[in-house]
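One chain, subunit A, links the two complexes that follow: it is found with subunit B in the first and with subunit C in the second.
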Partner chain A sequence: MYRLRRLWVQLRTEVLVLPSRALVLAWALVLLALPLAYTDAYVLRILTLMCLFAIFAASWDLLAGYSGQVNFGHALFFGAGAYASALLTLKLGMPPWLTVFAGTAVAALLGVAVGALCLRLRGSYLSLATLAFPLIAIGLLFAFPDFSGGELGFSGLPRLINGVVPNYYLAVVTMLVLVFSLWLLADSKFGLVLHAIRDDEVAARASGINTPRYKVMVFAIAAACAGLAGGLLAHYMRVTGPFTLETALSFQVVIWGIFGGVATIYGPVVAVFILYPVTEWFGGFQAFGERRLLLFGVIVLLVLLYMPRGLAPWVRDRIETLCPRCKQRSAAWKSHCRHCSAALAPTDRPRASGPGQA
Partner chain B sequence: MLRALLLIAALAAAPVVHAQGTIKIAVLGPMAFVQGQHHWMGAEMARDEINKAGGIAVGGRKMMLELVRADTNEILSVPDASSAVERVITRDKVDYIVGGFRTEAVLAMQEVAMDHKKLFLGVGAAHDELGMRVERDHNRYKYWFRVSPTKATDLGRTIFGVLGAVAGSIRTELKAETPKVAIVAEKAVWTEGLVKAAQANLPKMKMEVVGLWQPSAVATDVTAELSAIERAGADIVFTFVSGPVGIALGRQMGERNMKAVAFGINVEAQKDEFWGAAAGKANFVSTLDTYSEIEITPKTIAWVRAFRDRFKVSPAYTAATYDAIMLIRTAIEQAKSTKSDDLVPVLEKISYVGNGAVIEFDKRHDPIWGPGKAMGIGVQWQDGKKVAFWPPQVKGVQPFRLPSR
Partner chain C sequence: MIQDILVSGLISSSVYALLAIGFSLIFGVARIVNIAHTAFYMLGAYLFYSLLVQLGINFAIAGLLAVAGVTALSLACYKLIIEPLREHESAVLISTIALAILFQELMLLFYGGHYLGIPSTMDGAVSIAGVSIAYQRFVILVVAFVMLAATWYLLNHTRLGLAIRATANDLEVANLMGMNVHHVALATVAFSAALAAIAGVVVAPVFVVDPYMWLGPLVTMLAIVVLGGLGSVKGSVIGAFIIGFVEAITVFAVPSGAFLKGAVALSIMVAVLLLRPQGLYGVVFEEER
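And now, the complex of A and B:
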């Protein structure tokens, strides 16, 4: 009873006081409760895929948004998780529950390797270098088709769990846990260090921060999350192949990140939950079917034109206000800060802005 | 009076009894690409023909056919393709699926269809693995049948069969006992196996491989390659090209008045627009193809003409959705049932005369390859017209021609 009361107090004072957090809570509850009321297999399939891509997108944001290591080849980690899990399942007969985590570990190791190799690179040089890695991986797959399955990859993978609803819950719970964990990580001291590295790495090093270590660590964490998403996707679809490493997927995750808002973690998740179903929905209409990519491009352009920092920060700025004194956020309709009671004048309220204002 | 009214009511009800219900078939393909467009065209022809004839007879009643067009976006996204299958099955409630093109995507699409135990007639993907799954796990994958093309291994058998005929022409006309062959394969994964097979088989077929040239699939100039091929004294340019390089190859061979003749797989040369794209210089360029106005079966000529009259283009091999739908109709009428489980045993034993082949399925549910069954054809551009020259026993084929020397 005490714990329940404490939970309720925490909910009331930490979550429900801020519209953005209340919205996230409502969204999570809707996701968890959906199959109780609605069991359409197609909708649950799309949501399952969205959850897996949301993990992938959030992992990119931790790397690119928070630490400034803008990765144009993030599909490498997604594909590594998928391939490693598939290989271990099919070639060694290991149970898929184990291989998914093994795939995650392989992706994390690759993250360490890529992070270490790119330590001296910054900005566009880093981005271009990372773009090369999945292309090299595809080249290797095609060079050793007997081992890698070549252009077809692997098929007939066992599912982790059978049934539409159990698969949905597996994806939703994994996504919620991982995204929340990434958000906590980004909001911790670790996240602050990443901000410092992104804003001025020389200054961060001068302050005594071991920046190479942090950069390699963030590569490993982001790669592990992307690898887990890749492994889960491979077993869900029962196939994996070069499509998990394609450049298009690497750029897709960049689009999700920028559309939703970088350095937020939840921004790319919002982007996946808007853009993926919209393009899928267009595909269901004969009139739109073949033009859906064009429509997708128009939507992304419009959002970036009118919301240059991304959709999620734009919405948050309209429903919350930043306190000029303590820099904490309060609901936009409040006249005083919830922390320091400073007046929040409606006319000259500064917008909650800047990455990392979680 | 009452009797008369009852009689009128019974007569009015009669057509309703005989034409009730609808059978829904999903046509899946990359609809933004020519392959998907031909999937849809072939299916439309089948639907209109069936519905014009009153529908499909299921036991004592006739059911009309409805098509659901679904863009799989499979060339760009495999997850999109599998979601499209889920959508047509669970949302559109289709009874059967036809189509698919990119093997990597079709493997994922196959999984979804098999989960729902839906009959899926593949038209487009050639990889052997699709059929091998049926052999390995018949209980799960028995709902998959490949209508067109023949599996990749059989495509290889066809291409070497036609190459043998081309080499025969050269031996006869040029008195060259060991024709020299230059292999031109675009740099792509799909050509690797074929190149290896060619390098291994051609010497056994009493042909000499004078070299391998691998331009980019999008190359617009192959002068360097053709100069080297001329210097090597090649009689045959054995092509494996799917991209625009096929046009450059044909045009520049004509511009150089090359004595060698091109044969192989040239996807661009299969299209009606090829002659114009090659500036009318691609005489004698030949390739494997699926349809032409020759009597591959008794239905071929009339169907190809009807297709051209309606859509103003020649049918591509993915237009075999027509045959796939007609196969489903035949199976339904024989089984007197619309359940996929009832249709599988009928399809496994069927012998269906289609537009491009006589279709019978083997234990992998692949079309049986061989003369009089499913093989494909060889076509050659001759003075602006694409004419079929192979298989030789088929009525309507014309002689293969060599450049004058």
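And now, the complex of A and C:
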């Protein structure tokens, strides 16, 4: 009873007091409760895919948004997870539960390799160099079709579990756990170090931070998450192929990240949950079927013109105010800060400088 | 085989050089990583196709009109979309990606996804030192080298070129010296889009035209620009010739080389970057801190 009450107090003082956190809680509860009320296989399938892509997008944000290493080849890790898992399952007959984690490990190793290779690069050089890695991988896949399945890839992979609803829960729970852990990680001392590296690497080094180690570590973590998402997607869709490594996918994750708002973790997740169904929904109309990417481009351009820092930070600035004294957030309709009771001026909305300049 | 390597290497290198110079100039002057750059190359090819095949205009006039149209479009894009976002570097980046996707989808809508062939505008071949090159391919070489020379002249012997180089070197000081950096940026955008469109127009009769033709050159162009050093025109040209010839050698001398040409070219770029992170002729930008 005591613990329950403590939990309730924590919930009220830490989560419900901030509209953005309350929204996130409501969203998670709706996701978890949805199959109880609504079991349309198509909708659940779209939501499952969205959850997997949300993991992918959030992992990109940890790398690009927090540590400033704007990776243009994030699909490499996604594809590595998918291919490693598929190869181990089909060639060695290992159970998919194991191979998904093996794929994650392979992706993490690749992350260490790419991170180590890119240590001396910064800014645009790093972005453009990382663009090359998945393309090198695609070239190798096409050159050795016997091993890699060539242009068609592999099909007929076994599912992790059978049934629409269990697969949905697998994706949702994995997504919630991973995104929440990434958010905690980004909010910890580790995340603070990443902020420091992005804003001024020389100063971070001068303060005694082993920046190369942190950069390789963040590459490995982001790669592992992307690889897990890739492996799960391969076993859910039961196919893998060069589409998991394509430049289009790498650009897609960049668009999700920047559209949602970089250096937030939840921003890219929001972007996936908005952009993916929108494009999917347009695809359902006969008239729009062929034109959904067109609309996708138009939506991204229009949103950016009005919210250049991304959707999630824009919304958060509307519903919450930053306390000028203690830098804590309070709901926008409060007249005093919830921590230090300093007066909040509703018109004078401080604009934090947008993080994540490439 | 050596003849094949020489000819196709020269042709692809000169096309890449046209693309890479434009990208480099925009990056140097406006600090924009313009993913939509090769989309202008695609638009040039499509516009040329429309004017030449659908409207039946003479090929020289059609080419000029196509280049002019794409240049005007690039200026409109810059004014309407890029300039309002200039403060937000990441937003500029994805708006160029979105623009490229937009153009791809528009072409898909208007022309369909199939390959369009443009009939050869001239027949016959020229023979140089025993190597025969079809006129159509020879035109690519001539136009590319004329444009390279024109770029060199523009940058080194005109007041606009001086302004472009000064702005690329240090935007704030150039502004303080009385140069209108906005106009310089506009001129640079127009000039580089025109270079991309010219490349599109000259290759259209030789290569096929399809809505995805911007992706392959985009990656190669980025590799070239990074290899040569971002913002360096000399580096872009030299990088274009290195990558162009490496691709040609891979295609003709290595089994299943057509699949590997991109991988080999990109590996060279990665290798150079590991030894020289600023590329071959990288301009050392003042630390943006």
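Note that in this section the second predicted complex is superposed on the first by the 349 of 358 C-alpha atoms of A that agree within 3 Å, B and C clash if a C-alpha of one lies under 4 Å from a C-alpha of the other, contacts with A are read in each partner's own complex, and residues count from 1 in each chain.
Following the convention adopted for this analysis, contacts are C-beta pairs under 8 Å (C-beta built on N, C-alpha and C of every residue); 3 or more make two chains touch, one makes a residue touch a chain.
None of the values given here were measured: they were computed from a predicted structure.
K.L.:
By the touch definition at the top of the document, which applies to A:125: first (subunit B), second (subunit C), both, or neither?
P.N.:
Touch status of A:125: second partner only.
K.L.:
Using the touch definition from the top, say if A:219 reaches subunit B (first), subunit C (second), both or neither.
P.N.:
neither
K.L.:
Pick one for A:300: touches subunit B only (first), subunit C only (second), both, or neither.
P.N.:
Only subunit C is touched by A:300; subunit B is not.
K.L.:
Determine, under the contact definition given at the top, whether A:142 touches first (subunit B), second (subunit C), both, or neither.
P.N.:
Once the two structures are laid over each other on A, A:142 reaches both partners.
K.L.:
Once chain A of both complexes is superposed, is A:309 in touch with subunit B (first), subunit C (second), both, or neither?
P.N.:
Touch partner of A:309: subunit C, not subunit B.
K.L.:
Hey, is it subunit B or subunit C that touches more of subunit A?
P.N.:
After superposing on chain A, more of subunit A is contacted by C.
K.L.:
Which holds for A:46: it touches subunit B only (first), subunit C only (second), both, or neither?
P.N.:
A:46 sits against subunit B, while subunit C stays out of touch.
K.L.:
Where on subunit A do subunit B and subunit C both make contact?
P.N.:
142, 248, 290, 293.
K.L.:
Where on subunit A does subunit C make contact in their complex?
P.N.:
Those in contact with subunit C are residues 70, 117, 120-125, 127-129, 131-133, 135-136, 138-140, 142-143, 200, 202, 247-248, 251, 254-255, 258-259, 262, 290-291, 293-294, 296-298, 300-301, 304-305, 308-309, 354, 356-358.
K.L.:
In their complex, what parts of subunit C are in touch with subunit A?
P.N.:
Contacts found on subunit C: 27, 33, 35, 81, 84-85, 87-91, 93-95, 97-99, 101-102, 104-106, 108-109, 215, 219, 222-223, 225-226, 230, 256, 259-264, 266-267, 269-270, 273-274, 277-279, 288-289.
K.L.:
Which residues of subunit B touch subunit A in the complex?
P.N.:
Interface residues on the subunit B side: 31-32, 69-71, 73, 76-80, 82-84, 86-87, 89-91, 103-105, 107-108, 111, 127, 129, 133, 189-190.
K.L.:
Please give the residue numbers of subunit A that touch subunit B in the complex, ascending.
P.N.:
Residues of subunit A touching subunit B: 40-42, 45-46, 49, 142, 150-153, 155-156, 233, 237-239, 241-243, 248, 280, 283-284, 286, 289-290, 292-293.
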